[in-house]
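In what comes next, subunit A is part of two complexes: it sits with subunit B in the first one and with subunit C in the second one.
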Partner chain A sequence: MNTSIYKPGESVVHRLNPVTKLVVAAAVSILVFLVPNYRFALAISLALFVGVAVAGVSGIVLRLVGLAMVPFGALLLVIQGILNPANHDAPFFVVGPVTLWEAGVAETLLIFFRVLVLVLSFLLMATTSQPQKLRIALMEKGVPPQLAYVFIASLQIIPQIQARAEAIADAQQARGLDREADIRTRSKSLVALLAPLLIGTLIVANTRALALNARGFNRRTPRVFLYEVADPAGERALRWASVLAVIGAGAWRVFRWL
Partner chain B sequence: MALIDVDDVSFRYSTQPGDERALRGVSYSIEEGEFVGITGVSGAGKSTFCRTLAGQIPHFYQGEFDGTVRIDGVDTRARSIGDLATDVGFVFENPYNQLTGATSTVLEEVAFGLETLVDSREEMKRRARDALATIGVEGLADRDPMQLSGGQSQRVAIASVVAMRPRILVLQQPTAQLDPEGTEEVMEVVAQMNREGYTVVFVSQDLERLAPHLDRLAVFDGGRIALDGPPRDVLGTAEADDLPVLVPPPVRIGYRLRESGRIPAAEPLPLTLEECAEELSGVVETASDRGVASAVDDDVPPSPGATSPNDAASPQSAVDSASTAPVTDSAADSACRSDDANGRVEARGEVVLDDLHHTYEGGVHALRGVSFSLDDGCVCLVGQNGAGKSTLVKHLNGLLKPTEGRVAIQGVDTTEQRVAQLSRRVGLSFQNPDDQLFHSTVEEEVRYGPRNMGYSEDVIDELTERAIERAGLTDVREKNPYDLGDPWRKRVAVASVVAMDTPIVVLDEPTGGQDAPGHDLLGDIVEALVKDGKLVVVIAHDMDFVAEHADRVIALARGTVLLDGDPATVLSDRETLSEADVRPPQVTRIGTAIGLAEPVLSLDELYRRLDVQTH
Partner chain C sequence: MAESSTGHETGSDRSFVSRIGDDFTTTTWVLIPIGIGLNAVGGFIVNLLKLPLFMDNIGTVLLAIMAGPWAAALTGALSNFVSAMLGSPQQLAFLPVPVAIGLVAGVLARRGWFDDVKRVLVSALVIWIVATLIATPIVVVVFGGVTGAGPSLVTGVLVASGRALVESALTAQFLVEFFDKGATTFIAYFIGKAVPPRYLPPQGQQIYSSQK
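So, the complex of A and B:
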């Protein structure tokens, strides 16, 4: 059982300031949405895959990407490639009564790689940034302590919620809930699975808020941090470059639109 | 001046009806260095009292607050929770909820609260390491806090509070969710801290372990302090007046000896096993052989063939000797079992485990060849956390399937049916009630189980009614389970499974964190189910519960059966049990300490053996 999404390591990606990773992730995610060409998003995705391999976090990242992106891609292809009438111009491929449209395929590729960049870049950031260093780095950049805590806690809480969801499913099945029954029965049973999870999460959040408070979290005195998070000039330049690239791409889009 | 001064404090939570109060005019003071225990039934005001000490009331919980609480002379109203934390450290019941959930090492976790308190990183590290050393967990500094055992987690939680260097520690049922080993760890550490000068307020139902450490014990009842004083006196009074307090066996035995005139009434009551044994040793001599011998042919079943406890290590011999838990050949009568018109599976169940192995995906080999069969009565599974108890019971309703070997429930192989189908034969109630509860009233929650079984409305009504009554929930049936305390929610969860009326009922640690009435109630439920002819399998850490209710005890260790037999045989096999990290119940240990040849499982039995009459 491993309850954290963070995978410790010594790679160059791990050593980057967490805020740099966060800014770059945000920047590339915005960029791919500004550049209306799937090849650009594909190129960024490939670069990110290289980063994932270098960081040695392929195991967890590929598993999560597969879980999210395979069903998403399939759904996208059905909706954009086959169903969406706006894309019905030139057929790309015809199987019996089903036509896959060219414009639909292009649209699918574009959306798919854009979302892939978003998912990959944030997973790479989350799996290689030690939560506390991320929190400290955020606060050093002026993010309020509460917000910084909530940000890293929500990254960490996913595996915990997963474990609890399993415990709840076990407990309700033990009371006769049928997870393998027909769709109607199963949709009715959703509340039995979700309600305890939601209530439980609220109770934990409440207790945590109180416990953090009782550990002086809300005191307004100057803070001392356990770690020193390095922030070399090169990384600052990288962050500015990312921001400038986004601004540049945005300006270019606006210019073309005018 | 007292360090803690509570003066005429009343509190009503904003969620409570207008005339109810969680605290009603409580006045109490605690001197520096005192170790105060607090006990009482669920809903008596214990938690609310603790919350006022740490300033959580009035600063966090909304409601009407009257009176004053002063810490070292300063009104808690005048200080924030964060500021008070440097004087009052507060430890919650569930360590997992108390930790930040966002750190990757224990050291980070403990240092977290120091961010706003210290002047330099070096001081932060030093204080965090000091706190870990104080609690005796410095070896855990680099571990992931979410991967610790319950006892370790709770000690880390205490360390994170201690790092802030408070003078007072308030612990709100910190051991209720821990196994016996974790409980011992936490009690030991807190007692040590008290010796080092900390003032401690410790809420617990586990007085057997807590009372010997205390300077003072307060019993809460209905929002007031009903009793307060040295633990011997308070527990003596509680025993004499039959108050709903879990009075430890040494006190009860001591009280009985005084009541019967065997010991002068003025002598202080014994509190520990050693004190009790010493006192009893004198009595045994005066009782002579007569008392010891006459007990054997009473209606208590003597432990059959248990002359050599080591026999029990072989499961077969123990099974043969288990006169109270008949283990019949199951194949013969399973054929005639059938579901009746109502869809209710016929009573009497049996379970056959044949060389059961389970290896989890991650490679943990949790069960390593477990074989036994169960028919009826109350079967208790004992053993330390990680021994495989939970993994084992999840096989009984098919939540887990064997990775090797076979599990058959009433002749049906569990791999052949879905969990929902098996749940008509086996009802299983897990340890954490909050994994189950989601209805807005207790009654609806209890109905959920039987409704899933597909019974007719009449049958559901009848079963729900009976379960509510048995679990003592009649008065709260219209309430929302989440407005009730933990022990009550547990009863609701158990009732909901009992209402399914399955021939086999499995309960995971039903008495954990329960108050005295809860203990009795859950014991009664188990007895009633057994009387109905059901097979009841109970995972139990509470050896007193095992001694009182088990017909058969199976001790697991490292995924194998260590002992299997009747309670007298298993519970008296101290040496083998210690391999499973299980200690016999206190009354059994007292019997052993005074040299009784046959194991004793209950106080009544002990009194009979020693011929201690009340009249």
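So, the complex of A and C:
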């Protein structure tokens, strides 16, 4: 059991090698920050929305995007579009005492679509990549098995720690921990909640370390895997193209700046 | 713990990389997910106690105390990657912040700056400044000065009074991080101290046993 937002499926996006999705997500997220034009970020966002629709993960992705981007967009428009004095050039729209500035709107659009690309690309990766397959694909690309273990173990441990934290919170409240006390007392309560949590997980960690060592955790020999993760030549080309695009855009920015 | 490596006494004639490798015993690898878990659960606890903080780096600072700078930096980096996998990819942009916190706290812990409460105060101040200086450029360049509701409000008020965005965001960040990173550092220290020494990894035992 783990808490990842992965949604099983058989779409083209699901079948891609998880490392390809990771590289492409990172590449487009960096690219939109190198290209200072909101239309570029908008175009990538639309392409990513198509990917989300094809993968059939629109429900969860749109909900998470909405949660993250709606309050962000609103605050951004207030700070960049109305308040930021650096953007006060030509008025775009005036309502009573409030002026929305042209440069502010441009800045808002650019930042909004850039962050949207970052959020969308990684959500698409996370909702369509099974964590175990991502782990295997990463190890095949030379990521140390220990690091891959930590990644999977973290996804698994979070719900466990969460459940334990809830149990401890109930127990401490039964013993008189006051959620309505003054802020000083409540701050001190943090230790009363977190210390038992840490002690409990440390004891489990100790046992786990012994168990892992007994199973050859630190062996340097090659590993074999339960799953096969395909990595066709086309995907390798796609990854290289993404990396080259980032390098190209970076070089172009440096060249223009010089 | 399963393997012993004190971390405190590393031979100076050995290569830098192999000394980093020494930090990563099986015990350390098992502690890292716990640190990531504590980072993730910090928000839940803070909500429960209705405290206006993030507390998303308690695990990073704890790992710094218990296992040193490299393990702590890795904990911080993976925390943000894991929270991206759990549905908050915005955190990826802030990846350098927990990495820096882990490195700085780990070096401070090894130099004895977590040995008693007075010294922890110094560590908290250093972590506060480092976190602010690294977070602010990210907030300004990537997010246009907008972060959570609280800091955005402070930034908004300052910008409305005619100050530059960078200056406003820096002020807001300094204010928020003061409480957050200060509390994070002390809480990490105190919960580590509340653990009976026999359950602590070697470096943690050394740091807490040198105290009165």
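Following the convention adopted for this analysis, the second predicted complex is superposed on the first by the 180 of 258 C-alpha atoms of A that agree within 3 Å, B and C clash if a C-alpha of one lies under 4 Å from a C-alpha of the other, contacts with A are read in each partner's own complex, and residues count from 1 in each chain.
As a convention for this text, a contact is a pair of C-beta atoms (placed from the backbone, for glycine too) under 8 Å apart; a residue touches a chain by one contact, two chains touch by 3 or more.
The shown structure was predicted, so the numbers you read here are calculated from the model rather than taken from an experiment.
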Subunit B versus subunit C as contact partner of A:79, first or second or both or neither: second
Touched partner set for A:11, first subunit B, second subunit C, both or neither: neither
First, second, both or neither for A:210, with subunit B first and subunit C second: both
A:99 touches, of subunit B and subunit C: first, second, both or neither? neither
Partner chain(s) touched by A:167 [first = subunit B, second = subunit C, both, neither]: first
Which superposed partner A:58 touches (first subunit B, second subunit C, both, neither): neither
Which superposed partner A:218 touches (first subunit B, second subunit C, both, neither): both
Intersection of subunit A interface sets (partners subunit B, subunit C): 3-4, 131, 149, 153, 156-157, 160, 179, 191, 195, 199, 203, 208, 210, 212-213, 217-218
Residues on subunit A engaged by subunit B in the complex (per definition of touch): 1-4, 6, 8, 130-132, 135, 149, 152-153, 156-157, 160, 164, 167-168, 170-181, 191-192, 195-196, 199-200, 203-204, 207-208, 210-226, 228
Touch list for subunit B against partner subunit A, complex: 54, 56, 60, 80-86, 90, 92, 94, 97-104, 107-108, 111-121, 123-125, 128, 144, 146-147, 160-161, 164, 362, 394, 397, 399, 418-420, 423-424, 426-430, 432, 434-438, 448-449, 452-453, 482, 496-497, 500
Complex contacts: residues of subunit A adjacent to subunit C: 3-5, 29, 33, 64, 68, 71-72, 75-76, 78-80, 83-86, 107-108, 111, 114-115, 118-119, 121-123, 126, 131, 146-147, 149-151, 153-158, 160-162, 165-166, 169, 179, 183, 186-187, 189-191, 193-195, 197-199, 201-203, 205-206, 208-210, 212-213, 217-218
Parts of subunit C lying in touch with subunit A, wherever the complex brings them together: 1-3, 24, 26-27, 29-34, 36-38, 40-41, 44-46, 48-51, 55, 58, 62, 74, 78-79, 81-82, 84-90, 92-93, 141-146, 149, 152, 155-156, 159-160, 162-165, 183, 187, 190-192, 194-196, 199-200
